[in-house]
Structures are given as C-alpha cells and as structure tokens.
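First the structure, in the form of structure tokens, and then the observations on it.
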C-alpha cells in the first residue's frame, strides 16, 4: 500500500523497554530461518518442560494432586503461552504435524520445515530432561530404584505414550490421525482471516483446542498428537528405561511420529473443502463520517 | 450505505492463504443453502465426533479419567470451536431447536430450517459412529461382548440419553424444555447487537452457556437439549443395541426430540419480552476529532 | 458533546432482528424503573433457577456428579450470563448488597434500591422453586419423604445456607461481610473507567470474581454473599421444611441478609480509598494522522 | 507527541463516578512512590487474604471441598483480579521476584524496589492473618488445639511451604528458581508491546500463567514462587507454631525467599535472549481512507 497516494492513519507502536532495546540492537538475529529455529527450539523446550511436569504431577502423585482435568487445563495453557512466546517470530508450531500442514498450505518452505522438525525434537527431548531433573526426588519416592514401562511403579509414561495392551496399533494409528486432524482443522479455522478472530486471541484459542481434544481423545494414548512431543522424550527414556521404549507394543513408537503428519494434512484441507472455500465474500466494514445533523460528510477530496 | 455520498473508511481484509485461495476459486459453492447445509452437516459431524468421544472417555474409564467437569468443559469447547468453524457460513446451529428459534425470529427461512434438521441429524449420527470406531477397543475392554442399555456394563448412554427409572417422562419433558430454553435465551442475549458483544466472542460464549447448563441441569438426562444430537446417535444405537433404544422408558425417545423445539421458542421470545424489547436506545459511540488545543476540529466539509 | 462543532465519527448500530423490532415497538417499556425492575426480577429468577440447579446437582448426586469445582464454575458462569442478559437495562445487580453499594456511590437512587431489593428477593424465591420442580424426582430419590435441614438426607441446603455447628454466628457474620466486600471491591475495579476494561468483558469478569470467591470462602457457608439469594429461597423452604429454617443456629437467617450490606459498602469504598482515588490521570490515547513520509498531517482545520 | 503539529484523534474518557470523584479530589496521593507502595500493600494483602483462604479450604476440608484444580483456578483468578486492582497505579507486582526482574530491566528504580519488598511482605503477612481469622473455627474443627507443622493434623502448610522429607533443599532451590523463571518469562512475553496483546487482557493472562505453573510444578513445594507470599505468612506462623517454621528441613525457609529472585532475572532475560530481541520489526498497521470508488482519498493536506 506504500505506493498509494491515500492518507494513511499510521498507528505507531511505542517501545519503552529501553534496556532490552539496547540488548536487542546488539544480538538481533536477522536471518529469518535462524531466528525462527531458535524460537521453535526454545518454545518446544518450554512446552515440554512445563508439559512433562504436568504429566509427572499426575502420575507421581498417584493421580491425587493432578487429576485428568488438570492435565487438560495445564497442557492447554502451556500451548497457549508458548505460542504467545513465539507468535511474532516462528509463529509457534512446536509440532512437525502443524509444520507439515503449513508446508502443504504453502505457508512454510520445505527447508524450514525440515529444520523445524529437528529443533522441535531436540527441544522436546531437553525439555523433558529438565522436568525429570526437577521431579527427580519425586520419581525416586514413587518408584524407588525401579525404572519400568509397565506396572504399578511404571514412570516411563511420564515422558511419552505407551498404549495399553487392549488397544491395537491400528486403533493407535487412527487415534493419532484423528486427534491431530482435529487440532489442525481448528488451527486453520482460527487463523483464517475470513473468520475475523483477532490475532491476539489465537494462541489462547489454540490452547483451548488442545484442552478440548484432551477431554475427548486422551484415553487411548494420552493425546500426544505431535511427533516431536512423543519422539523427543522417548529418546531420553531410551537412556533411562532401555530399548524397550522402542520395541514396546510391536514397535508402536513410530505411530505417534507418522500418523499425526497424515492427520494434520487431512485436517487442514478438510477445513478448506468443507467450509473455508465456501465462505461468502464479506462486505467490508464501513464507517461513515457524519456531521452533526447525522448527514454523510464530504471531505475535501481531490481538492 | 453505498448510495450515500459520505466518506467511507473501508478496512480491507488481506487474504494471504494463496494456495487455499486457488482451491477456493475452483470449488466455491455459490448456492447459499447448499453451502450452509454442507457446513451444518460437517459442523454437527465434528461436534458429535468430539462430543461422543468426551462422553465415552467418561463412561468407559469408569468416570476416573473424565469426571463431570471434563464433560462440561469439553462439550463447551466443542460447541465453541464447531461454531467458530461455521460462523461465516451457516452460523453454526447444529441443533434443530436453535434453528426453529431462528425460524420464529424471522432469521431463517422454513425451507432452510427443514434442510438443516435433516443434515444435522445425519451429521450427528455419522459423528457418533466415528467416535465409536476410535473407542471400539475401549468399548470391548469395558463391556466385552455386551451391548446393553442398562446395567453396570451398559454403553448405550455413550450415544444418547436414557433416563433413570426414578425420573418420570413428565420431568424429562420439562428438563429438556427448560434446558433448551436457557440455551436459546442466552444465545439471543449474546447475538443481540444492542448488547454490544463482539462477534468474535460469540462462539466462545455459546460454549460457556452450554458449560453452565451442564453444571446445573445434567443430572436428569445429561443435557442433550438438541434433537439432532440425541436422535442421530440413537439411530446408530438401533443397529448396535436393538429396538430397545426406542422403546425404553415408555418410548421416551421422542421427548428430547420434541421438547427442545418448544423450549427454544420459549427461551428466544422470553428474552424479547422480559428484557430485549425494553433496552433503551443507546447513544451512539462518538469520537470527536480535536486539535492540539483539545478543541473540536472543523474538517473542510462541503468545501 | 452534541453542542460541539467538531466532526463526529458516528458508528451506527445496525439492527437486523426485524421481527423482534416489531414486538419491541409495541411493548417497549419507557419507564426506567419499571423496565429495570422487570430486568432485575427476571435476571434474579434466571440466576437462581440455574444456580439452585447447580447446588442440587451437587447435593443430590452425593457430590459425585458435581464436585466443588462445578459449583464454582457453574455459579460464575450463571452470574456472567445473567449480567449479560440485563447489562443494558438494570445493569444486572441481582443482589441488594451490590445495589446498596451503588446507592452509596451515588449511582442508584434510594427508591430504585428499595424496589430492586423486593423484586430481587421475589425473583430468587421463584427461581429456586422452579429448580425444585425440575429436580423434584431427584429430591425424592435422594431423601424419600424426608424434608430435613440436617442429617445425611438433608436437602434444605439446596436452597440456602445452614452453617455447621462448629461455625459460630460471629464467624458467619464476618464471612458474609468479607465475601461480599471482596465481590463488590472487584466489581468497582472492573467498572472503573480509569482501569480501561472493555464493557463487553465486565459480565464475564464479574462471574470470574464469584468463581474466585467460591474457591476461597465457600467452606463456612457456601458463599451466598447476597441477601436476595439467601432470603428468597429460604422463604420457599419455610413452606417445605417448616419454621426451623429461620430458627436454626440461633436465628442465623438474618446474618446473610444484613452482613453483605455492610460488606458491600466497605468493599466499594475501600477500593476508592486504597487505590481508585490515587490512579494518576492518564494520558489520553492519541492517534496521529501522518502522510506517506510519516510526517504529521495538517487537516484543513478552520479553513 | 505533543510537540507535533499533526491532527490528533483524542479519545476522551468520560468519568461518571461523581461521588468517588469528590473523594478523589480530597485524598488523591500525588507522590508516585507513596501511591504505589499503598497499592502494593493493599494488593498483596488482598491476594493473600484470598489465596490463603483457598489453601485453607483445601487443607481444612481434607481436600474434599477444594481439590488441586480449585487451588490452580482460585490462585490464578486471585492473581488476575489483584493485578487488575493495581494495574493503573503500581502495576500489581505483589512479588519481590517480579519487582527485581523489572529492576534489572530498567523499569523500576532501586528505591522503589526496596520499598515494594517491605510493603509486599507486610501485606502478605496481614492478609494471611485475616484469612486465619475467617477460618479460625475451621482450624479448630480440623486440628483441635494442635498447631503443628507436620502430621495428619498439621495446619502450618495453610500459610507457607514446608517440603516433604524426600525432597532435598537442592531440589527445592531449583524448583523455586524454575517456577519463578517460568512466571516472569511469560510476564515479559505478555507485556512486550511487540507481541500486541491488549493491556486490558494482561492481568487475566498473568493469572492463567500462575494457573499453568500450579498444574506443572506444585508437587514439590506448592508453587509459592514469591518471596513475600512465603516469608510474610511464615512470620505469622512463628507466633502460632513457634520457631520450627524457620528451622524446619535444615532451615529451608530462606530458599523460597532467595531462589525466586534469581529465577525471575533468569526468566526475564532468557525471553529477551531467545526470542524478544529477534522479533522482526513489524509493519505498522495502516488504514487507508478511500472514496466510494474504493480509490485512495486525498485529504486537504497542507492546504
């Protein structure tokens, strides 16, 4: 719009955090991919640091301190605030499934997608490790020296998903496919400008979507719906619990890595096909300048 | 306002999702009824797919994973996000009772109402079927080969309402009448422009209304307050549990279909009669352009 | 501002609910007190109809369906939506304590205050009666033919507060004084224009304040903090449970009627004395019209 | 901007609370430090009065009335509303850790920081004392004449944190360091103008951050993450429970006083280093005035 001759009303943003502004001028990263990768790493680290703490407070308290509602609420808020954290840099995916959906929508280059997947997984692994450190005394209290995947003293489920025996891997696949599809479908609803939802509310709404999914489809696997969130901590558990974390349940581990990728693409495009593409063109919001007699006002246009 | 000569401030909406824009240009449905019917179908499908999952996570975990608060929270959010999904197409009724209220308010043609009822019911049926698929392993774990309406292994209540013996059908009727009246009364409060609630907040508030109703009037029947939400899944249960789903409790099944229709109309108009019609005309919001001396500014009107 | 010569930007409100507009033109009540009294009556009726349902779902399900969190959430939302209902007529007090606070702040005439108290109490009584009707079958299931104030089958606490024996009436007085003071203090924070909270968010925030109070000071008496909410349903219980509802606990009944009135005034004015009166004058929000070179623009003022 | 010659659109704030305006004109405190100190004192008093009530309702009801979710919800809302209370005076820190972070960010002078610490601690002490008064009958019911720090009738944990034996003081230090770092990190995200979150939403979001922390890192110590909140009430407990409140757990008491100060600074600056300093300069929001033909409009600039 800079080439137009119209009168622009510019709303300037005052920036008052002067000391941080000085630091900013010295360390500001100009390379978008580098900046965004740092954000995705740090955001996913924070998300898992908080999120694994939530799950540990559930399991290690014998489900007495946190109950399922705290998991739903806590993870929803963790998503919301970590996305606020990165909303103006990478946008806050923290999830290769979200990133692949944006790749297919043409909103993320392939190179960025690949880099995101790597830093998200590393961030998730380190975040879960930090949570393990803060609750190390509690893990010892709960399980003593035991580090097991199943049984009454099992703690591996603090880190990533381990399905019960009665849930087949086929069900697991569709569970992760569907859960991620729901997530990404509503993410696309929220960010579609035609739906007119203010940008400042987006991160909070993303969090509420995850909260909703946890009340509906957490029983099979605990709704990881995020390859980095499941695989990153699982790599950490390999060093604590051994190779069983990968071989468990007929090598289930690849399902929460692969199924969300397909689900995300299905969710994103089902929004477009069923609803998004059919939203009628909206009348633009129009304000009319009127004089005291409530009559439309003529400005000295082209005077 | 296009015929007025005043100066309009048009706020243009930038649309950046280019790839989806290309798809849009190819598949955009111009027929409003067709577009809205597709939205109502898909939205009701999603609502029940999520909502039945919520109820199943309550029942099939023996009320240990989800407790009643998760049901309230989850259904509230499911309503909110499914309405966001369709807010710019059909508006997101998903409920023949809401549609009939809008019919009587003159906001929905009769033809549209009838079509909505059909697609809402079909969407609800298919959504509950999809939820059944995702939790099929859990149903088997919970009930084995049993498919019963009552008893400790009963699972039919995952789909639709089955009143306890001590609740009479008369009570059931008034329960559904009142619950739906509360819902539609507050829907009318929220959408009344005189109340000045921003449109982007409407779907979230609708969800909170349903959350509230679930904390107050869920004990008799589980607050279906929606003919499509109850009848659609009930048709599915006919093929799983047999004809008892209709004959149960002296053919109770018609009550959550009919009572909400009356309740919705009563709720909508009671708002108008008790409050809405009496809201005083509001002074318009006025902004005054002033100069540096804080004096009102004259623009070169009619120059 | 109508006498100023400045250029006004009027944002007109489109009203589209045409059928309700026709009704409005016929039944619109122009007398402000009559209109507001009708709103206060209807709003308090709805508040108690929903709110007593919430408490009944807690007590009559043996605290298994609703737990305390559902009470907090449900009552908070009931407050929020009932205030939305009446936000443009009476403002939605539903509580003589709130009304007396506004009386002392000079925002409500004495005559209106007295009328409000009466209609609020009647609305509360009738609302609780309606809730009793909807849960009549459940009361019978829970208590059989018993209608008692104390004991394992007591149901009188569904309607209004009955303190436990170990809580003295002095404690009760201060509990109701303090709870109502907290409520009204934060109501004054929310509505103080200097705090810049958008009007459309006020009702929701009022509800969250009540939710907060319920998590902190519900254990002594169940946070009635509202003379109409406690006295109205108590009058109903007189006809069900007998005169014990008044004589119980050394004629406790007057405490939740009188203590909130003092608490409300204390809360309202403590905000002014501790914080409100000391808020510095805010710089007005200023937007500067600039040209393409980002230079301040001169309009043809006084041309 | 007052020296610019541009045309300003001033949005004037109408102030209608006339009676409070009269009081204001008489008692308005002009000294910023005095005014802010009064706000910090009163706000911290209210926060602890409510917050200790929440914890007491949890402990004294044997965790049956309040469960952990009520603690999370209640404390989150208490933070939110107490910050709203002081948002236009001191800003509502109530926490020396938040204040020290702002000190290092250059947003709070050292003198103010020191005064804040003192009044916050006094306010916290008195607030907890007031809560003790309101629940005095319940403490007696729960514990009889016992006033103990540990054991089944222990009530000292109503006031401040007392770690279990299996949690080492090293873990305690990092728990408080990390919890406060998370708090302050997200506070900095919320208030960074580059993130575009409306000021009226800040207090609510602060509350949600604390809610989130409580679902993740409450198991070790109950998330005090605030030196004033822990030390103030602990001083009160000295007079009730004796010197054990300080010597307990190898003189643990200094950890929730000191660790949050370091955590807060780490959290604040990690936001800047990882994300804040790298946010790209945003294009300013631009509105273009157009005429009826949708062409940019020329105003009579520099006429």
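Chains: A, B, C and D, in written order; residue numbering restarts at 1 for each.
The rule we apply is simple: a residue touches a chain if its C-beta (ideal position, glycine included) is under 8 Å from a C-beta of that chain, and two chains touch if they have at least 3 such contacts.
As the structure is a computational prediction, the values presented were derived from the model and not from experiment.
Centroid analysis (C-alpha atoms only) places A farthest from subunit C. Relative orientation of subunit A and subunit B, expressed as the C-alpha superposition rotation angle, is 90° to the nearest 5. For the self-contact between subunit C and subunit D, the two sides draw on mostly distinct residue numbers; the shared fraction is below half.
Computed centre separation for the pair subunit A/subunit D is 26 angstrom, with centres defined by C-alpha atoms. Counting partner chains per residue, subunit B has residues 5, 7-12, 67, 69, 287-291, 297, 299-301, 303 touching two or more of them.
Those residues of subunit B that touch subunit C in the shared complex are 67-69, 72, 104-107, 164, 166-168, 171, 174-175, 178, 182, 185-186, 189-190, 192-198, 201, 205, 208-209, 211-213, 215-220, 271-280, 282, 284-291, 295-301, 303. By the touch criterion given at the top, residues 1, 4-20, 23-24, 27-29, 32, 35, 38-39, 42-43, 46, 49-51, 53-54, 56-57, 60-61, 64-67, 69-71, 73-74, 77-78, 80-81, 84-89, 130, 133-138, 140-141, 199-200, 299-303 of subunit B touch subunit A in their complex.
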